[in-house]
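Common to both upcoming complexes is subunit A, partnered first by subunit B, then by subunit C.
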Partner chain A sequence: MTKIIADNLKYKYPLSDKLALDNISFKVEKGEFIGIIGANKAGKSTLCQALTGLVPHFYKGAYGGKVFVDGLEVKEHSIAEISLKAGIVFQNPFTQMTGSKMTVYEEIAFGLENLGIAREEMQKQIDHAMELMDIASLKERNPFDLSGGQMQRLAIASIIAMNPEIIVLDEPTSQLDPEGSEEVFLAVQLLSRQGVTVIMAEHKMEKVAKYCDRILLLYNGEIIDFDTPGKIFSRDDLKQYGVVPPIFTSVCRELGVKKSGTDEYPVTLEEARAALGRKVK
Partner chain B sequence: MIRVENLTFSYPDGPEVLSDINLDFDMRSTAIIGQNGAGKTTFAKLLKGLLKPFIGDIYIGDTNVRDTSAAMLAGKIGLVFQNPNDQIFKSRVLDEVMFGPLNIKLDKQTARKKAIEALKITGLADKLEVNPHDLSLSEKKLLCMASVLAMDTDIFILDEPTIAQDHTGKETIRKIIQSLKERNKLVMTIIHDMDFAAENFERIIVFNGGKAILDGDASFVFGQKDILQQARVEAPAAARLAEELGLAGTFLTEEELIKDLRQCGERAQL
Partner chain C sequence: MKQISLYADRNSFVHDLDPISKLYYILFSILVPVILPSISVTLICSFLSIILLLLAKVFKKALPVFLLVFIVLITVVIIQGLFRPGNETIFLKIGPAVFYKEGLLYALKVTLRVTDIVGAFLILVLTTKPSDLVESLVRRGLSPRIGYVVISVFQIIPEMTSTMSTIMDAQRARGLETEGNLITRIKAFIPLLGPVVLGSLVNTKERAMALEVRGFNAQGNKTFLNEEKTSVLSKPIQLGLLLIVVMAFVWRLLT
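And now, the complex of A and B:
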């Protein structure tokens, strides 16, 4: 089942004379985990906002083409309506906190209260979200006393608790240590395996290569490619788009070692070990 | 350059965040690594004089941090905060970067010159009139770095400099660090990006549970698999791949690994 359709989306921020997104067309199926990569200013954050209605409803500006999120045309529906289908986690968790709640538990409850969900159901969803993001032990803490990593996990939990069909995450692991980043990717992968459609903008190529089903490569607001990690990171021209593949890929490319029986270079540690291991012995 | 003796610290009514830290910092560029919550950022704030030691002493040169103020230390030690929103407070990029130099009583013309130089180095020279809060996170991080560069202190501490940076941003930061080293500045960082740490810093210190549990040259530290595991720190990607392949020695960079693998290949006459 197709969950997201972008059809020739074009967008320009107010006061800007340049398109931030240009001719963006792609489709995402239910339960897919999609990575969005590209240099800064490629349009990753803007695309995340276009999938959740912040573009154009909040940012205004010039908008063309169509985006459908779980059947709703974004331009024709309010942010509130779209938020029931697609939740967004911002790059900087400070931006996400309500600022009005004194505990982690209340912060997660905020979105659910606004939806008028029954108390018992609300508690169940909050507990589930806290468990998934491993923050149950922090539930009485003030959100602003948390570390950057803990706060990011809280931001993600607040969205998970709303049970959206689609989750959009804009560089959610930038504040996290490697273990915390891995936890986020694992949790998000689990969600996608449960049928949630995930879109994540990221700079950590090693993780994108390991976890994402497909990768959307953006440059100057345009889609350069939309394919599997193996295909994307095997492109000869990646550097010209400001993207450096995982070290595992660069090493294998330099040595001319491809994945057995394919025309692709390894992109994960496991793939590189398998391909290089045959040569090293 | 910096001496830390028996340093113990806790926030009011909180548990110990740092416990009995003893470290000497020479001119080697140094990365402090460890999990979130290991005490790294608190340590940086103590060095900068923003927090006072609970027990123990910190000397910046001959000055005991306890006997001075953060304002007095501002000309000696610069800290780029992890979260730029904690650092930025002016409404124009140029004013933000000029604030520090003006604060240490440089005249306006000199402060402006230093600010513009720093903004050029960080790639923000075309944003002088922009409101810092309209910048992206990666640009804000570079702006904060410019503010500290403009102070031309002897010691630079960069808290998570590579957050939100793409390849070009990382290259900019790499060059800045290199040029600071060449100018005999002590560059320290707190960082989760192990590949960047391994490539750019000579000395690595691992913090775990408020203690410095491992300290040495990058190749030594990233070879201590068991201790790294205990501190839940991941070695750089090149080191992990080398280990998977059963290669002897510790590899810090892609280039080192490629060179060794080529030699392996030649030996096997591939």
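And now, the complex of A and C:
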């Protein structure tokens, strides 16, 4: 079942002469975990925002083409309507806290209150989101007292509680330490396994290679490739798009070791181990 | 978590009362002494506020506010006691300064009124969580946007202050003089403005987006996670206070 369709999407920010997104077309199926990679200014964040209606509703600017999110055409529906289908988590966990709620539990409820969800249903959804993100023990804490990783998991929980079928994450681990990043990736992987479609813009290539089903490679607002991690990271021209492949891929490329029976280099530690045929410490 | 709210968490029947009843009390405390401008009525109202503060176990927290107010009120006593037009009866002579009874009585009335009103506001502020107050008002038709602005200030301002001190520390670590005479301090303030103002603008934009995707501008009725705080006493108290105001008004008209 197709959850996202982008059809010839073009977008230009107000006051800019250059297209931030140019001729973007792709489809994403239900339950897929998609990584968006590319150099800075490649259009990753803009694409994330285009999938949740912030482009064009929040940013305005020149918009062409169509984006369908779970059947809704983004341009024709308000951000609030789209938020029921697709939620978005941003880079900075701090600015995602509303600042109007005193506890983690109330913070998660914020979106549900706005959407007019009944109290009993609201409590069920909050409990479910807290359990998924493993933050039930933080229920009574003030959101601003949490660590970066905890705060980001709270931000994700706040979106999950709204029960979207699609969750978009725009570099959610860029301000987190390795431990916090791993917490977030594991949480998102869990969501994906539960059938939520995940789109994540990310710079940590080892993680992208490990967790994503397919990767969308962007450069200057255009799609260069959309394929499996093995295919994407085995491209010879990645450097010119400002992407550094996972360290395992680089090592195996230097050694000329490919995955058995394919033309692809290993992209994860496990694949590299298997390909090298010995234990890598 | 630093907060700029004055709320003091205690266990008292005043804390258990709903915010709207406390708003009624403020209205009562302002209107009754205005409608019936005798010193005895104002005195009763002031005592009532102070007794309620004591019962709410927050009088100690109210004292600094009262002290601050009294410092201002001393000027009223001095000026009215010395110079109020209509001063005739000498009450006290301190050297060349002559205090008159009429002026002092007027100053007493003003002092009592201010004590009464400040006390009533303190009852609300010290015994009500700001979020409970705003939520009660939103339930009664206040725009959720205005409610959000009011309530978020309590947490976002302290966060901005801590960001500002981080920036200051970073600048100090790179050799910027931030301590010393006034000129040095003013000079240190200028490089702080850019990052703080721009940072706040960026944060505000990001927060606005985060709010949007959580349905902040959704059409239709909002619901609330918490049930509205009400007490069996709420309605009788509100009606009683209203009745007293009306009775005071009628009394004033008839006499």
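Quick note on the criterion: the second predicted complex is superposed on the first by the 277 of 281 C-alpha atoms of A that agree within 3 Å, B and C clash if a C-alpha of one lies under 4 Å from a C-alpha of the other, contacts with A are read in each partner's own complex, and residues count from 1 in each chain.
One rule holds for everything that comes next: contacts are C-beta pairs under 8 Å (C-beta built on N, C-alpha and C of every residue); 3 or more make two chains touch, one makes a residue touch a chain.
Since the model is a prediction, treat every value here as computed from it, not as a measurement.
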Do subunit B and subunit C fit side by side on subunit A after the overlay, or clash?
clash
Using the touch definition from the top, say if A:I79 reaches subunit B (first), subunit C (second), both or neither.
second
Could you say whether A:E29 touches subunit B, subunit C, both of them, or neither, answering first, second, both or neither?
neither
Just subunit B (first), just subunit C (second), both, or neither: which does A:L54 touch?
second
First, second, both or neither for A:F110, with subunit B first and subunit C second:
second
Return first, second, both or neither, reflecting whether A:E131 touches subunit B, subunit C, both chains, or no partner chain.
neither
Is A:S250 touching the first partner subunit B, the second partner subunit C, both, or neither of them?
first
Quick check on the superposed pair: does A:E140 touch subunit B, subunit C, both, or neither? Answer first, second, both or neither.
neither
If you stack the two complexes on chain A, which partner ends up touching A:N92: first (subunit B), second (subunit C), both, or neither?
both
Steric overlap of subunit B with subunit C in the superposed model, located at which of 80-88, 116-124, 170-178 or 242-250:
80-88
Doubly contacted subunit A residues - partners subunit C and subunit B:
92, 94
How about subunit C: which of its residues touch subunit A in the complex?
1, 129, 131, 144, 148, 151-152, 155-156, 159, 203, 206-227
Which bits of subunit A are touching subunit C when the two form their complex?
49, 52, 54, 57-58, 78-80, 83, 87-88, 90, 92, 94-96, 98-102, 105-106, 109-119, 122-123, 126, 142, 144-145, 155, 158-159, 162
For subunit A, which residues are in contact with subunit B within the complex?
38-41, 45, 91-92, 94, 147-150, 171, 174-181, 203, 206, 239, 242-244, 246-248, 250-251, 254-255, 269, 272-273, 276-277, 279-281
In their complex, what parts of subunit B are in touch with subunit A?
34-37, 82-83, 85, 136-138, 160, 163-169, 192, 194-195, 232-234, 237-238, 240-241, 244-247, 254, 257-258, 261-262, 264-265, 268, 270
